[in-house]
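The structure appears right after this line, and notes come after that.
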Amino acid sequence: MIRFDAVSKNYPNGTTAVDELSLELAEGGITVLVGPSGCGKTTTLRMVNRMVEPTAGTVSLRGQDIREIAAPELRRGIGYVIQHAGLFPHRTVLDNIATVPLLLGWGKKKARARAAELLELVGLPGDMAKRYPYQLSGGQQQRVGVARALGADPPVLLMDEPFSAVDPIVRGELQAEFIRLQKELHKTIVFVTHDIDEAIKLGDNIAVFRTGGKLAQFDTPERLLAHPADDFVADFVGHDRGIRRLSFVKAAELPLREGTVLPADSPVARARALDEPWVLVVDDGRRPLGWAAVAELPDGGTLADANLAPLGHTFSLVGDSARAALDAALLSPSRLAVGVDAEGAVVGVADAYELSAAMAEDAAVGDAAVSDTAVSDEAEVRVAKSDAGGGER
Amino acid sequence: MRDGEPLIRWEWIGDHVGELADYTGIHLRLGLLPVLFGLIISVPLGMLCHRWRWIYPPTLTAANVLYSIPSLALFMIFVRYTGLTERTVMIPLTLYTLSVLIPNVVDGLASVPEPVRQAATAMGFSTVRRVVQVELPIAVPVVVAGVRVAAVSSISLVAVGQLIGQGGLGYYITRGLQLDFPTPIITATVLIMLLALVTDALLVLAQRLLTPWARGKGATA
Amino acid sequence: MNDLLNQIELVGDWLTSSQQWRGDDGIPHRLLEHLTYSGLSLLFATLIGLSFGLLVGHTGRGAFAVASVANLARAIPTFGLVVLVVTLAGLSTTPVLVALVALAVPPILINTFEGVRGVDPDTRDAARGMGMTGWEVLLKVEVPMALPLILLGLRVAAIQVVATATVAAYPGLGGLGRFIVDGLARNNYELVIGGSAVVVVLALVVQAVFTALRRVIVSPGLQPSATRS
């Protein structure tokens, strides 16, 4: 879809923004360019719509060298979102969104109808159409920025740190909204960020750049976390990458024990017979009620009479990742994670040690599978990820 | 202009150095005192506008309306009350400076970062002390930018006062016209420009000395 | 206070006497002269100041030259310039118009330039990134966003031109300043104050026209941030 062939960008003052970059971005996926400031990620992005012209090499779009297309024409076919949105302060929200359709000569009525549609798509109420940018919050401006980029329904979107100027809560909302939108629209997206967490959260593929405009690694998020190409990448993705990669392991694959789970009407004696410090008490529908500390149980009666410690949180075998399971184990009073099915009924429990052993195995198998195939064999990986990532998103 | 008359007769300048110096002094007084008076009016007024925002638009409109009235007309209106005196020239010039100085005082005060204001309050400054010791000094670069504009245009406007006999170097402009003799007109015009430019440069210098922390910032008009 | 009423009465008498409304020396003719000088010079100054201001602001080249010219021009005493022009070129309209144009160009030029240059780089980047050509960026983004400052420049230029056109009566030109200058020469205070009143009214009308113009043609989206003037 988008292809960089030995692309370099050097400035007259001797700095090299991008150095001999070769990269192929797949159609319909999100490619995140990430790296420290001055690594050439934004320059790379801007070379796609000719906002920056390379000094050497070729950038091609669907097999066509982009230099063969007049810059304005090329840009009208590529959505562009920037950090501070860059909305036109003198135009209403609706007219901002209608910009590209109007440039393409759609006619006012049609362009505005399309803009109204997009306003709804990005989750803004229709009465915002008549407002001016200064009347919007930062997050709302950014949504308008995205809607404006989608104006003429371009197949490609370029996004330059679109969510980095808003506070973390709004950023989370925008990211979730963005993932929802992408599921609907299947655009080919190039996304620049300096935030590795954002990259892992959003990217189908991640290109890590190092200072001096060199590509350090181009991989799926899973592979990036499991096998950083060198110390720079390892350092950049952070020391907690081990935990992060758990996001890509499905909770359904984890081994669970059923032994310590008892219904509330069980006699106390039965709990003692298990010879476990903690027993998970469930109701008739096997929904978890809480943890009973066996040593503190009354002498007689049923578990219904016992004081139960709260559960912490459970993890779902259908949607959650191993990361949620591990988190559940660490936060539970019994140090045991409770796995539930789609109905919320308990399937089993596992402790942190059991979980991590299983995860290590699983990750090793996953790595082998990935490394056997080409790096860009992402279909399989993406499926695995969208299942595993459900709870995270 | 008479045939054969040169643009400049240098010997005329040489003959009139002393007199030119006297008129230059008068010109500076007529041009710069109004800026000082304007500042005396604008600083408190600007502080009021900063404190009570709703006063600002009508105040600014009033200042702009005054500024739009041609100097010649305004001089004539004041002649009735203050006669053919220097005051008649200086009062309108003072009024003109307000349209530049008031907004700059307000913008200058607005340029004080909110954390600084709050830190000063938290350390126990009273409102008056905070304004005088913290906010006004921080506003100086923006205010000086306004003073520069006001001073330059005030110095250039003084000459019109010659039509009521009080124009500083403007004297040579009317004199030259009456005598059909360009040398004094050119001399006076160039001198007035030089006065304006030198004043401007001195104000830049003064600001650098006054606000060593703001060097390189806010020095443009 | 009584004196003020006297003055107003004086102006009223002068304005209502029928001879003020007829002939070459009447208010309509002088006003027409005044508007012609001011309008023509403002028109030429706008053509020059606006095109250079837009050019320099859009390309970013020549910014220093623009700033220097504007600074220097502000220091020129308008009275001296007009009198000098008449002394050197004789009493005719064209040289005075040239002087008025020279006075009106700098405020238009510098404000247009500042207005275009002050456009948020992000906004300009977004405009280009969406596929606007250079002309489209200029006409659809930079000019509308610079309008508050462009109008400010035009207003300042108009005010200066109207004022200087008044002074231009001194070396012998027509216009509303004639009443004041002639009144002074003949010691006719009624004429002086009546003429001044007409000049004041004209100035207020100019000011009002620009205020109204701003309300009408500047986008409401720019009003809150555009309080600088």
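A, B and C label the chains in the order they appear, each numbered from 1.
Keep in mind that, in the parts below, a residue touches a chain if its C-beta (ideal position, glycine included) is under 8 Å from a C-beta of that chain, and two chains touch if they have at least 3 such contacts.
Since this is a predicted model, take the numbers as computed values, not measurements.
Asks: Report which of A-C and B-C is connected by more C-beta pairs in contact.
Replies: Taking the two pairs in turn, the one with more contacts turns out to be B-C.
Asks: Could you tell me which chain lies farthest from subunit C when each chain's centre is the average position of its Cα atoms?
Replies: Max centre-to-centre separation from subunit C belongs to A.
Asks: How many angstrom lie between the CA centroids of subunit A and subunit C, rounded to a whole number?
Replies: 58
Asks: Counting only Cα atoms for the centres, state how far subunit B is from subunit C in Å.
Replies: 20
Asks: For subunit A, give me the residues that contact two or more of the other chains.
Replies: Counting only residues that touch two or more other chains, subunit A contributes none.
Asks: Spell out, as numbers or ranges, the residues of subunit C touching 2 or more other chains.
Replies: none
Asks: Any idea which subunit C residues touch subunit B in the complex?
Replies: The contact residues of subunit C facing subunit B are 3, 7, 71-72, 74-81, 83-84, 86-88, 90, 159, 162-164, 166-167, 170-171, 177, 180-181, 184, 189, 192-193, 195-197, 199-200, 203-204, 206-207, 228-229.
Asks: Under the definition above, what is the set of subunit A residues touching subunit C in their complex?
Replies: Residues 49, 51, 71-77, 80, 82-92, 99-100, 103, 132-134, 145, 148-149, 151, 158.
Asks: Mind pulling up the subunit C residues that touch subunit A in the complex?
Replies: It is residues 120, 122-133, 136, 141, 144-145, 147, 218-222, 224-225 of subunit C that touch subunit A.
Asks: For a test of understanding, state which residues of subunit B touch subunit C in their complex under the given definition.
Replies: Counting only subunit B, the residues touching subunit C are 1, 7, 60, 64-65, 67-74, 76-77, 79-81, 103, 107, 149, 152-153, 155-160, 162-164, 167, 170, 173-174, 176-177, 180-182, 185-186, 188-189, 192-193, 196-197, 200, 221.
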